[in-house]
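Structures incoming, each one as structure tokens.
In the two assemblies presented below, chain A is common to both, partnered first by chain B and then by chain C.
Showing the complex of A and B:
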């Protein structure tokens, strides 16, 4: 129990207060680490509430915290209702099939999928799958490219202009081209994944490639001269040099790049989904906007907060991975 | 007697925007097997450059280096270098750092068990057996340098190159490491070239001290044979007249014959006379 608790840093002062160790100091610590951020959030909620009340739109008042809370409850309730309906559908289908097989043993039962609408949770899952696919694809391309560029000053000089030009391009600019190319190349009668998914993934990939390439290349290019000399004295071949020296030495920079890339991927995804109509949070926002009911603005606000929380969560996960992979535990990780 | 290592008319120029900069010229040196040579000179005189040329990390513009009858063109483990800043890979333990070198040099020549024994033997040689599974950030500066020496020794180099190996250490640690180095050199009879700016270190450890003139166009100024009995003991030598005579000779070379122009003088003024002097020399 004690060990488990001490693993969670922010719980430690609470445990110490409960045990009566350094009460005054630990209470101060709690105020600092939890109290002050809490005050910040409360002030923000109050300002938001006040501002929302004074903004009138054609779809009613701008949603305040209360409406957002209500809509998030609605969205969850809708999700569970939809799940129940799906379950009921499968159950009915099973019973019907069982009955027909009983009546006529030669009958081969058909199983049909439930075709209800995507719930909010489904949209979140689709978004996560899309962003992670795009990010993974980008990383698989970007890390080796970054290493190769970082090892050779000439390659770096050759690639740098291209990278610098494509780096600031918005996903909205890529999307039409990507859509056309995917439509032209991804021709199959029985698609494993929908076209809109491919379009979103490719767009995400194109936009989040660059920070990883740039940071990996920088990390590899700035390996201390002494370590490069060691590699030369040992006559390490190219592969061993990359494996034993270049990659470990540049891991901190690679992760800086990966974290930037992931946050860009997540931002880009929402825009890509809006336009590509790939089911996901972006499409959810767009659909609600087109829907124009009195609940729409509240629901969009729920989506915005969800997007923010997931973005934050993804970054924390990357940080965890970095901590477990990097040899440099002393480096400050932010 | 055939020298193990021979530097003949070695010179090097570095390209700069203002035209080539000649750091070294006409460096001639013959080193026999088992000799301990120190290169001493003011900072910036090109002693590190000489070492880097022998290591193969720099290419000489003129002249060349011959080791055991073969010309040196590229770096290699038979000329192992111990760098000033230990340059251990920070993500590997002391053992793994030595292992990387041993695997590279003895791939296919030693079995796994033999390699393990060899790595441990070398770490024990530098008295690092107790901490061989610690990473560089977990051990002191002196210990890191010991591991660096173990890594170099594990390659069984024909000549061991030490680039100011103890320069970054405090005086007490440095004395310990010097004693260790003398002990190892006595056991292995290795050939060593060491760069230093410490006069006592040079006299205590060396068979010969090579004193370098100031750059640019630096070259070998004088060579001093140190004929002190081994094993040498720093405390006994402290008031040995021969030892002090050698010390005095090195000091006089550094501070009278090759007086470094004061760094606190404006850089331009300080450099100009030197350049003129150098130009005269060439003419």
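Showing the complex of A and C:
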């Protein structure tokens, strides 16, 4: 039943058709797994194109598929042009350094990073690094917290109200506080990572903590009675109980939580970047909106599709991990 | 014998001392090619055409010529920009002339910000929505060819504002920041036409500036002005380019007056840095000012010959990012009012001529007088106070050092600058205001007392 691109199962019917096994049945399978989604995408593109043509904004027509394709090419071309400029920059810098060493032999030359703009590809990479850092940080905090809460009904009762209150808070509400706290606490002359990065990571973390905590706690709390009894009969100590019983039994729920967290993290990040002007795809969208040039809408649409594709890709990766660690292989995960 | 030996030792010693002394004396010359203390810098800007000196200094390599490696970064709004300069995330920024002054006197965020480089003259305009323009038009005097007579005074807007007031509807307008040039210019224009733009009363905690207001002014970041007006939240705004021309281009509004017509050759943006930063990195600061002076000179060179190239630079998405045609309208010396009504305004954006880059004390004092006029400064201050603040914030001394070096290096001529030996920092009394008043920077209190609408003496709103 899987139509996932991350799964090579979809190749199987082709192989079978090629081998001449069950041709009719497999051709049907191919139509179902690839043909129908393809038709869906085509219909969507047609509707989009038609709708785009009839929406007039003050910046021109709404971007259709053709403009998006054109702007994607432009963005790529700009990326390579910028790389060439960077090369020239480094060369100029080396010449300047050489000259300076000649004037002042004690000078130790230093190569500074390119000062030009971030290209679209750079923005994508920044966003990915930020979201994964925030997500990892959240997971490191959330999983142990979830386990502890799940094991004790009292702790659960104590923490639950707090979790329930913070869970629905939008990242945008946290952002001003996080920004102020980060700039107050993170004071160094030569920062390893920029402040804006820390702000984004912390905001992402605060927002994607909760699904993992809740699901882990739920998973640990609902370990089958039999397993808990076994642990008691064997008189396992607390650590061994957690390691041998609680964690393995709750793994599927933990990953359900992690998957939710990651998708939230990705959504939160884009909003946070937009509002806090932190580098990344969100800032790219905002900058283009502010530019208000006739290409802006097309570029924003490229970003939207990129954000969607990356979100989809992240989710698929999590799904694969979830499948591989889940002991109940019969369960359908999608 | 022993005596001569001691004598000789003393002699050698003193010779050594003398030599080291000479070395320290000589060193300022020997280190004339002093290297900047901080070479990697990050400057902030707002997406407006008058950030051009920064973009040009980067793109034409003027920063690199001074051994500076500069990153330019667009900021979300003026508040974020100022806060980031204060907390050191930015080394310096394109600022509203009122920002260093406002920060120093503690209106808004209190911090010591100084400027040694004025970025441009003029460059703003006031735009109203199509709907308001239709209502204003019957009251605007027309030329024989049916086009309006410029400058359009706020007198023709007054009946519209009165109508809104009578109907109990608020008349909302946008400006970019409480201490922005645009706020004071919009207020100046409205008040000259008999419309009260409202007072501030920071002593009572009122910083919204709407006390006794006929027209309610609120803050909107420049790039969002057109879309906010399109959404109907504001009926008009005062902002820098390209956001007035964009309203024409998008067909959503009509620029009615440029700030050149409100006050001819008014100072607009400055390059601001924190005082602490300037004290820590004096050579860097001087190098930055040198690069910016060269950029400004390039922008005005040969009668604006380089402007098309500058427009091309500015239209890149990482700078202003608007379409070439939109930016070109004002940068190349024309200004389009109502669609199709394009007029020559050669001095709409001035970057270098008329000593545009020199930080005049009298410019600083004009902003302070307006802050007092509208209640941002809550009590009467003596004339000497205005001088003191101007001297704290505006630093022509740093500018002069940078300019003299450029002259020595042969990059610019002495004739390009004011005569530093005699320049007092005060422009002669200026008369080109829309209300016909005279401004003399040496007598701020007398100037404040001339206005019909505005706080005088020790009045409170």
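Everything that follows uses one rule, which is that the second predicted complex is superposed on the first by the 306 of 334 C-alpha atoms of A that agree within 3 Å, B and C clash if a C-alpha of one lies under 4 Å from a C-alpha of the other, contacts with A are read in each partner's own complex, and residues count from 1 in each chain.
Operating definition for what follows: a contact is a pair of C-beta atoms (placed from the backbone, for glycine too) under 8 Å apart; a residue touches a chain by one contact, two chains touch by 3 or more.
Keep in mind the model is a prediction, meaning the values are calculated, not measured.
In the superposed pair of complexes, A:112 makes contact with chain C only, with no contact to chain B.
Residue contacts after overlaying the shared chain place A:102 against neither chain B nor chain C.
Legend: residue contacts after superposition of the two complexes on their common chain; A:233 is shown touching chain B, with no touch to chain C. The wider contact with chain A, measured as residues touched, comes from C rather than the other of chain B and chain C. When the two structures are aligned on the shared chain, A:245 is found in touch with chain B, with no touch to chain C.
When the shared chain is aligned, chain B comes close enough to touch A:224, but chain C does not.
Taken in their complex, chain A has these residues touching chain C: 58-59, 92-93, 96, 100, 103-104, 112-113, 115, 117, 183, 195, 277, 286-288, 290-294, 296, 299. The part of chain B that touches chain A in the complex is made up of residues 55-57, 74-77, 79-81, 83, 85, 87, 89-91, 100-101, 104-105, 135, 137, 155. Taken together, the chain A residues at the contact with chain B in this complex read 224, 226-227, 229-230, 232-236, 240, 244-245, 248-249, 327-328, 330. Put simply, chain C touches chain A in their complex at residues 33, 35, 39-40, 47, 58, 61, 64, 67, 69-71, 74-76, 80, 87, 89, 223-224, 226-227, 230, 246, 250-252, 315, 317-318, 320-323, 326.
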